[in-house]
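Remarks on the structure that follows.
Chains here go by letter, A, B, C, D and E, matching the order in which they are written, and residues are numbered from 1 within each.
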Amino acid sequence: GGGAAPAASQAAGTAAASAAPTKPPRAAIKVAIGSAASLNYLSWDLAKALGYFEDENLDVSLSYSASGNDAATALLSGSVEFTGNSMDQSIKAQIAGKPTKMVVSFSKTPGAAIVVRNELKDTVKTLKDLKGKTVGATGQGTGTHVVLTYALNQAGLVQDKDYTFKPCGSGTMAATLDSKGADACINSDPYITQYVAANKGFILKDYRTVKDTTELIGGSYQFTGAVTTADFIAKSPDVVQRVVNALVKTNKYIQATPSKDIAAKLPKSVTGDDVDLYVKTLDAAKGYVSADGLIDPAGAQNVLKMNVEDCKVNPTLCGNVKPDDKVDVNNLFDNSFAQKAQSK
Amino acid sequence: MAPAISLRDVAKVYRPPRKRPYLAIEHVDLDIPAGRFVSVVGPSGCGKSTLLGLVSGLLPPTVGEVTLLGSRVTGVRTDVGFIFQRDALLPWRTVRENVELPLRFRGERDPARAKEWIVRVGLGPFIDNYPHELSGGMRKRAQLAQSLVRDPSVLLMDEPFSALDVQTRNLMENELLNLWGASGKTVLFITHDLEEAIALSDEIVVMTAGPGTIKARYPVALPRPRNVTEIRFAPEFVALYERAWADLRDEVARSYKRSLEAG
Amino acid sequence: MAPAISLRDVAKVYRPPRKRPYLAIEHVDLDIPAGRFVSVVGPSGCGKSTLLGLVSGLLPPTVGEVTLLGSRVTGVRTDVGFIFQRDALLPWRTVRENVELPLRFRGERDPARAKEWIVRVGLGPFIDNYPHELSGGMRKRAQLAQSLVRDPSVLLMDEPFSALDVQTRNLMENELLNLWGASGKTVLFITHDLEEAIALSDEIVVMTAGPGTIKARYPVALPRPRNVTEIRFAPEFVALYERAWADLRDEVARSYKRSLEAG
Amino acid sequence: MSTLDLTATTAVPLTRRTWFVRTIQLAVIAFFIGAWEVLGQAGILDKFYYSRPSLFVPRIGGWFAEGLGQGSIYRDIGITLLETILGFVIGTLLGVAIGYLFARNELLGKAFDPLLSMFNAIPRLVLAPVFILAFGIDLQSKVALGVTLVFFIVFFATFTAIRDVDQTLVDNVRVLGARRRDVTSQVLLPAAFSAIVASLRTSAGFAFAGAVVAEYIGSNAGLGRRIATAEAFFDSTGVFGGIVLIAALALLLDAGLQLAEGAFSRWKPRREH
Amino acid sequence: MSTLDLTATTAVPLTRRTWFVRTIQLAVIAFFIGAWEVLGQAGILDKFYYSRPSLFVPRIGGWFAEGLGQGSIYRDIGITLLETILGFVIGTLLGVAIGYLFARNELLGKAFDPLLSMFNAIPRLVLAPVFILAFGIDLQSKVALGVTLVFFIVFFATFTAIRDVDQTLVDNVRVLGARRRDVTSQVLLPAAFSAIVASLRTSAGFAFAGAVVAEYIGSNAGLGRRIATAEAFFDSTGVFGGIVLIAALALLLDAGLQLAEGAFSRWKPRREH
């Protein structure tokens, strides 16, 4: 198969000679981020904006994909060295025989919320009330769909029997709800915050928060992070370490800094033109952004559990993931880099 | 009685983009009484086709007024039969379909009449051929059938027979004369063949080299019915021929000289 | 000396889709010595244009063999001048550009020669006109200039003058004769005008009605140089005219009868 | 002298015989699929991304074997076909009608020309929310997306072809008494027919692509949905299975178009060389 | 008798005067924008989805006012234009070349015809991973996507137009000594020119749409990225700001094409009625 190409070019020794002796050689890194403008991947943009990558003598270029899937493809095909992606992509990649590892955690909850159209404010108060309704996620088989199905199963509702599933898209969610194509949708930020701020809907369950997540799965949910291939780790552990250093530092910065100040650091292409709305979104995100970048093994186990559990209830969700597929949770991530970064 | 066709001080200017406007004909005054057979001769490029375009309403005059069958010509007239100088059959229709077309436009279905005309112009065995499967002369004859099948009372014919061999041409000329004689149609006929013009017409109009105007009009005093094959030995015929010939010679010489000067 | 053009038992069958194959010409045997001016006359649709198509290599013969200038014709021949019966000027090129085209194909640039030919056919003032801005006769003359500017040694001409008025036609005929007389070109000339055929040619080939074969060949014993305007009063001229006329009449009658039967 | 058998058929060259052409066409497709398989087997095309014919052909077979029922392949095909054909037909009718109108009415054509050019450049995908809002999440919005693709392709082709029709033909039938609708049906449309069919052949493909993409964005049935689900699981075999089905359906539609074109093109001269 | 002033210009009808046509065109666009604004103000078009000209026009102004620098509008426009034009030019060249080849070589054309029809129906969006795999995530994959859109539109148009060229014109120049390339450049391409330009006008729009969609799928700059970011924030003003910019750029490209067409169409007869 096409292994990851080592695009991380080692700069010539002459450059190192003129620089400080401790400065590591310059490396170029390409990153594909699994969603446009998602707060789940804020650390990448912010680290770049703050110059943390420069501090590590890294030349990082970010690009945004339409879906986690496209980003994962870019990673597996060697077009990029890193992604910002969710752990379920790593599970699927492992089953497909293409091991990838998460090296920094970005979010410890699914980072998504279920919103309901305002018209249903009086009838829909709990998940159970979604019985007979049309409910959607960003797409069939996506990470949000898994969470939605799991949550509704717990409430005793089974897809196609108790409720109708309909993809809501991410950008098309508002239109889908407003045109009554769906009654409720699960989606991530900034879509959720914007939609609620426009006074078009309300949040039924907020799996951006630790509280609702714990209620759902009994602990944290290791959702997104920085992911690279096992090959790249083996080939350039030093570069990986430097990337992780910058990201962990950024995670800490996020926790320590008021949203307004963070927004001021970011370029318009990240915040959009309405900075006030972005600050609101950021406030909501504070709750689920990992403070230290460390991957929570229990949270990873929960991701696995949810995907496997779901296959039993709703096999159409599984695709290539069969209930008896063996996935080794420990091969999904590598905490050693983040741990090392803590001391910096 | 009002003339069937009447042109009053008509001029036509073509305005090709990015070139100087070109005065094709000017000061054309012409009255053609109903039932008359008039031929127009003139040097190549003098404006004969332009004249027919004006009468049929396909071209708007730049100056002057054209009247046809009592009403002023302001748009395309469908009460005439027009035989174009260029190929004008629909390439995607067979001979039969092309000839039936004008009948269909009038809501008639008369396959027998269409067929009769096709046979009359000698295309019987080729009734199901497409235009590109015909020879040049056959295409012209199909066009003839197409125009005549509707039995229009005014015929505008732009060199209908020039692609035909002498004998076929004679056949067609006789057909035309029979048709005309029986019906009192008005015919405006363009030809390059002076003999044909004289043999067929009541009057011959000679045009000058471009800008075309009317140089001379010669009534043809030969008795009817005529047999086009024999008439050319009559003395009046020869006299007329020589006058028209001389007229034309002067015009062509003038026009050719102009070309040499331009060169 | 080998003949410039030679056809050996040639037949041509057209195979239109979904119709019966049509035998256009058959058993055509013809040798034309180099330098000879031969006219072909025949009823409309008898296969004259088909014959030229075969000689130029544009049409492959179904049976038989065509030889041109000593080599067998197997594809399009560029060593002939061909004047098509249909409009063949490039509509997106002016007269000048159209006439310069064959020179450009040979890598020559000779605007003076192109211009000279344009003036010679009387199109001097229209040198920058596009084909659709010309009259029918003018388009034909432009085609003439386009074919002759290259000075080909064999000329295949399909009714080149039928769209021209008598006088212009005479001018062009005389131009052609001058050109031919000075150069020893071989000319295969199709016309409907018997007078023209006799006045210009060394020999006249009469074809039968379709399927076309060669019905008769008449050498023209009139002295050269000829003046096409005066020659038609010579007694040999009249005699020849009458023979060809009778031949043609029989053929046309036969062909027309067939049409009536088919109808 | 040679004798000539007019009924002999040898004159139809081999390259024009239907069976020969079909064989060649099949050979090209077979070669393409074979190359795919071989390159796949050899590992040059990574199975993970490109799958292989020997993998997706059985998969397609499996889909059909599953039989009817909720989420069956028959239903998916039916839905995608319905969306495609509706989008194609509506887009074509609109394209031809407005193309015709604008070609005949010079001022109208010129007046709306820039606006149409601008609309044509708008990425339809970006307008997905607007489509959903205006047409709902179901069939209509998918058809609407297809229409916007088909329309422009057909419109520009029709407009230009009708504008360029030989004026002599139009003049002739007008003098022969053709009413406006006769000119349209007897001259303009037949003359523009080739160009319109060419645009239809392109736009049929785009109609399929449009329907599939719309399903991709939001739908719970159809081949696009099936492909999106497979893609979400890095299941390239499923993705290419779906793509191959779409391609096969498109081939059917295209064959229909070509038949229609062929039936109407019998009048055309055929080159002998 | 009347005197005739040949230099008088009154004979050019009003509807053909450039200034008049431009005014009408502007009026149509102005009317469209005005209607949008009015309907927006009146609340009939929900501002949340449709924005309003009075909102996005200042926004666009703001973008330009920001000046140069990382993520500036100038850079976004430059990148999108580059992708579009590369995709357009490559797709056009390929489409014309292969369309020409297949039209001239009947057997070749027939042999590959079904394969091309199948390819044309493949939804490009679905192949995004394959594009990324084959061309990487940068410029090339975006250009490649544009090429696949432009190619088919141009190909089918060129193929049909060249196939239908009047054989008499070809025969004439061949006898006049035209080599194969002369026939192509002097007869076939000019005769097919109108149809090709019509296909270019469609495909130019699709090239823009393709570039923007490709940026949508994965990129870090360009107007598509800007629109995607705006869309992620339900910022319809930003979305339409971007769309309007694209439409304006497309109008420029289209005007260029029309100019080229006009310059080459001077030979065409103009209707007098």
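The rule is short, and it goes like this: a residue touches a chain if its C-beta (ideal position, glycine included) is under 8 Å from a C-beta of that chain, and two chains touch if they have at least 3 such contacts.
Source: prediction; values computed, not measured.
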* Go through the assembly and pull out the chains touching chain C as well as chain E. => B, D
* Asked: In terms of C-beta pairs in contact, which of A-E and B-D ranks higher?
  -> A-E
* Structure fact -> Taking each chain's mean CA coordinate, chain B and chain C are separated, in whole Å, by 25
* Structure fact -> Taking each chain's centre as the mean of its CA atoms, chain C sits from chain D at a distance in Å of 47
* Structure fact -> dist(centroid_CA(chain D), centroid_CA(chain E)) in Å evaluates to 19
* Hey, how far is the Cα centre of chain A from the one of chain B, in Å? -> 83
* Which positions in chain E touch two or more other chains at once? -> 46, 49, 129, 133, 216, 231, 268-269
* **Junction residues of chain B - those touching two or more other chains** => 58, 76, 86-87, 130
* On chain A, where are the residues touching two or more other chains? -> 2, 69, 73, 77, 171, 174-175, 178
* To do: Using the contact rule from the top, write out all pairs of chains that touch.
  => A-D, A-E, B-C, B-D, B-E, C-D, C-E, D-E
* Would you pull the chain B residues touching chain D in the complex into a rising list? => 56, 58, 76-78, 80-82, 84, 86-94, 101-102, 104-106, 130, 132, 146-147, 150
* Would you pull the chain E residues touching chain B in the complex into a rising list? => 1-2, 4, 6-7, 11-12, 266, 270, 272-273
* Residues of chain A touching chain D in their complex? -> 1-2, 69, 72-73, 76-77, 92-93, 96-98, 136, 139-142, 160, 164-169, 171-172, 174-176, 178-182, 316, 318-321
* To do: Could you please specify the touching residues of chain A with respect to chain E in the complex?
  => 2, 30, 32, 36-38, 61-66, 69-71, 73-74, 77, 79-80, 170-171, 174-175, 178, 190-191, 194-195, 198, 200, 267-270, 272-274, 277-278
* **Residues of chain C defined as touching chain B within the complex** => 14, 16, 19, 22, 41-45, 47-49, 85-87, 115-116, 118-119, 122-130, 133-138, 141, 159, 162-169, 171, 192-194, 245, 248-249, 251-253, 255-256, 258-263
